[in-house]
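Note that the chains take the letters A, B, C and D in the order they are written out, and that residue 1 is the start of every chain.
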Amino acid sequence: MKKILLDPYFRTLHTIFYSEDLERLKSTAEIIWGKDKKMPKKEWKEAKKEASIIITGFWRYGSVDKESAPNLEAIIEVGGQHPSPKVLDYDICFERNIRVLSCAPAFAPMVAEMGLGLAISAARDIVESDRALRSGTEKWQNMNVSTLYDQVVGIIGYGNLARAFKPLLEPFRCKIQAYDPWLPSSYLKKQGVSSVTLETLLETSKFIFVLAIPSAENKALLSREKLQKIQSDSILILLSRAHLIDFDALIELTNDNRFKAAVDVFPVEPLPKDHPVRKAKNIIFTPHMAGSALQARRNIGRMVTDDVEALLKGLPPMNLQVARQELVNRFD
Amino acid sequence: MKKILLDPYFRTLHTIFYSEDLERLKSTAEIIWGKDKKMPKKEWKEAKKEASIIITGFWRYGSVDKESAPNLEAIIEVGGQHPSPKVLDYDICFERNIRVLSCAPAFAPMVAEMGLGLAISAARDIVESDRALRSGTEKWQNMNVSTLYDQVVGIIGYGNLARAFKPLLEPFRCKIQAYDPWLPSSYLKKQGVSSVTLETLLETSKFIFVLAIPSAENKALLSREKLQKIQSDSILILLSRAHLIDFDALIELTNDNRFKAAVDVFPVEPLPKDHPVRKAKNIIFTPHMAGSALQARRNIGRMVTDDVEALLKGLPPMNLQVARQELVNRFD
Amino acid sequence: MKKILLDPYFRTLHTIFYSEDLERLKSTAEIIWGKDKKMPKKEWKEAKKEASIIITGFWRYGSVDKESAPNLEAIIEVGGQHPSPKVLDYDICFERNIRVLSCAPAFAPMVAEMGLGLAISAARDIVESDRALRSGTEKWQNMNVSTLYDQVVGIIGYGNLARAFKPLLEPFRCKIQAYDPWLPSSYLKKQGVSSVTLETLLETSKFIFVLAIPSAENKALLSREKLQKIQSDSILILLSRAHLIDFDALIELTNDNRFKAAVDVFPVEPLPKDHPVRKAKNIIFTPHMAGSALQARRNIGRMVTDDVEALLKGLPPMNLQVARQELVNRFD
Amino acid sequence: MKKILLDPYFRTLHTIFYSEDLERLKSTAEIIWGKDKKMPKKEWKEAKKEASIIITGFWRYGSVDKESAPNLEAIIEVGGQHPSPKVLDYDICFERNIRVLSCAPAFAPMVAEMGLGLAISAARDIVESDRALRSGTEKWQNMNVSTLYDQVVGIIGYGNLARAFKPLLEPFRCKIQAYDPWLPSSYLKKQGVSSVTLETLLETSKFIFVLAIPSAENKALLSREKLQKIQSDSILILLSRAHLIDFDALIELTNDNRFKAAVDVFPVEPLPKDHPVRKAKNIIFTPHMAGSALQARRNIGRMVTDDVEALLKGLPPMNLQVARQELVNRFD
């Protein structure tokens, strides 16, 4: 029976597995560790030698060469994104055909739902109106709001998140355009999305969704100068990472009523209690919740267990995201 | 050239017509009045004799018999719902084949969008989280939220609003059930919706949308006793009218953490400044905004003008809602 | 208990009713006649006096005035289209608020499916290829075929049939345009269809579906001159009625390889055994089968029974098509 | 500038490339050969040493080791399926990170459309009715046909073809079940498909689509014994390969009126002129045309060019299908 090193820390077993899935996983292979607390180094050094699969919250186990991990066939991360190339040597992984799998797809539907909720909340003034009504300053039957119906929507980064988000937009009959330098326009066209430059996207979209995975290439992609191209009645929804945006510029521009925004991610998390951002106008804030629903977390266990079963049968994993050699070295 | 009495008060022309539509309307018939302010009685008494069509914000013109309105072929209301049978004699309308048309369908998409926005805001804790983050009490990556995906959704009243709302739910793979005593289950089945009793709907739905048009039959339909059947982790979204619910019971139950809610309509509007409801917990409040977007308002003019053109050509109106003899006397 | 005159001839009870629906109908009202064979005149003359609802295969019962049908509230036809104004006095019906209901919607999905099947069969050469393979003249891996994907589709007449057909086209990403002089472009736009002139439709559509209900206005609408506008690689699918087309011109043009066609309806049915049309080229023929599936027939009974239940409760019929005063006098 | 060996034989350049795509390909790299006729061995032996990418109709170039193909980064096949492991050493490919890409996805939509067309033609009796009408033996308004609406549909093999086919079925409200031993049920569930055993699928499906890629494991999967489980009023549509079925048993069973079928693929192609199959009853035959439309062929060139551009930029190919180490050795 093959061996699986199960070390989900910083996650805990019960937040990522339904019990029946954990049982199923235990019946497919011999589990090493399998505890919530962080596995100590001297133990994982030994375990790495025996394990065919390592399931981990984040990669911290050093080399994956033949000597230190002779039986390793797959690395499954349950944190939310592929290990950085700074901590994992992907070249060895590809050479040895060690699959590196990420649970990122488990979060996509939750992020998509949050993105839609934030967009409608900002467009229809839900957060502001509730606040006003509680303080007695509400406007009744205020018509001065916008809507998603028939609008031009721009998506920055058309990966997992965008693919989960697009179906939610469809009933609103939006014209969807995307900027993604990693994708050919023919691929986007097949998705029913038009491929545009970042400038065009910012200048012509009423709703702008930032869904790109952080990479060396897109650090502060949305610079102050770029953000100034956004139309005054547009709404920017920041979901993937603050990494992509000049955050100070964003706050200044929304405070100046240049456009509206909804923000789920911050340059520093948790945000310092006294951070001025907390007073920003024309923005909806949520504390990094887009991917966080217990239901989504538990999908991780279901996906992991099914893909482990597939791998042990010599079949391809269908749920988790396989690291592709062309992309991993671009991840931040 | 036929004559149209155009008296949109309490609406104003520019909030319901794009200028090109107003021009088009003027070119199809001779317009009488056509001003924003309320038409005086002595003027409409005369105009009623000549008009083939009366377009009005609310019906207040008395009898529609042969004598007082000999040429009348259609009544078009632009307020938002069919005139009450208390003010308009529908029997004479049907006998004389005077069509009574409502612009209600123009609001349906806006209400549907708001319904979805409120549901996601409540499920994903958007309003609460923004408030918390501004006061420094936010929880980071809080997983204790719910989601629309794969949930059981109950819809009370499956008319205009529900038909506009259903497509927005589809990508979330919800099981949709409806309670509507006016509709055969075969009709609902064709819409992909299962027909259930009110009890079953309240006991089994995670999201409950109140979309029924107010009628003599559904006054306080959602009594305290009925509301107590709702599951503790469910969310009730009240959109059509406060008429349908025991509002005090709703507030007490949500304050007792029995379930969550989002409310756009109130027993008294505007709500008194010092009304205790303003402090209610576990509820999102919006001040009767669900149907209110300028874009939607202007759809009214487009729909009215197209249907007037059709009527004058002897064709059926396709946009506005035709009063049906079986229902009008049930409207409140 | 109210009385229903049930005289389905030329249909038979078991081809339009599932037995449980017939039982349900009998439990809602007292049934008069209720046999497959044609009701004799002297019997229906009496029955007309008592009946609140008449369910009939085709209307042949003369006047519906107060004297001869004092209790009549609704006429339900189960043949497939509203009675011609030549045989039924609609003015009296509207004056007396007698609803005239047609089962036409029951056939729409079947016709839509057939339309799609014929279009693909013609585009992908299915009928021709099967014939060729059986006679040993087939071409292997013949690429010289067309496809529905991403094509411009024209629909003539956007009623029941078109509304049932459109969803079947959606996954093929077609650009859909329609010609329907009875409908405002705003209505079509809401359906996701662009409104065009007949000329534009014929000149620019790769697939042309004739779905209009026959009327005095559209007799031979598709004249020889109009048909000549069709592009050489286009396909015309004739489904609603031969009434709309110059049939001889159609056959000549397809025989001359001007375009391809699929035809389900004929000027004379049954077609004479020796009719030259039977030898026509570039056409797929089916003998008036588009609406004919036992499953569809039995939907009639379900729709009728549900709507009778609604009517007897004073609720609006939701399944059957209500005759509209603006249209009935246009029907052929 | 990198070098591409372009040897599309048995295809021809103009049947797989739009001229603008071929121009674009030539501008991204130096093209070797680039002719329709088969490249002679002595030439490709040299070219293999220089080429970074080989584009070929079928793989016949022997070893891909460091010595004989030192610069090789990708193999792109334009025939329609991944090279058999009998002719290509995939282990070396994976070790050297040489991507092996197939144009199979270009055919999927065409096969899906054909599958739907064959299913409706068989259900609604289109081919048979046209034949009958031409011979004067047609039945008018024959109701004895079946329909796709609301039926149970079984899909054998849920890969490329099935994923392209599923959206076409959706408007018919079918219950879709699939048998695919390579896929976890959680993956199928996410697609809205239930996972069943082959027996259950055959016993309960009214329409059975054979879409599995031929593999060592599924040779004659549909044995006589299995085929006998199919219900008498069901329809089997054979699209992927005759490899999967006991073809003689299929013909005997349909000749015995056990069920109906539509068949696009044959054990021997072309089929001998005098083959008895040509006389088979209750079957629609097409001569291996499901993937064959010029439009589809030309999609190959678009996909290839876009993916070559991506590869040369160090980006992942998004259009073509990447060979996965778990599956290639299973292909036939």
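In this text, a residue touches a chain if its C-beta (ideal position, glycine included) is under 8 Å from a C-beta of that chain, and two chains touch if they have at least 3 such contacts.
None of the values given here were measured: they were computed from a predicted structure.
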item	value
Per Cα centroids, the chain farthest from chain B	D
Distance from the mean Cα position of chain C to that of chain B, given in whole angstrom	34
Gap in Å, rounded to a whole number, between the CA centres of chain C and chain A	50
Distance from chain B to chain A - Cα centre to Cα centre, in angstrom	37
Sequence positions of chain A contacting 2 or more other chains	none
Pairwise touch network: line, ring, star, complete, or other	ring
Interchain contacts (touch definition) - all pairs	A-B, A-D, B-C, C-D
Contact footprint of chain A on chain D as seen in their complex	94-95, 97, 182-187, 190, 302-303, 306-307, 309-311, 314-316, 318-319, 324-327
Residue ranges of chain C in contact with chain D within the complex	15, 109-110, 113-114, 116-118, 120-121, 123-127, 129-134, 136, 138-149, 167-168, 170-172, 269-271, 273, 278-279, 284-289, 292-297
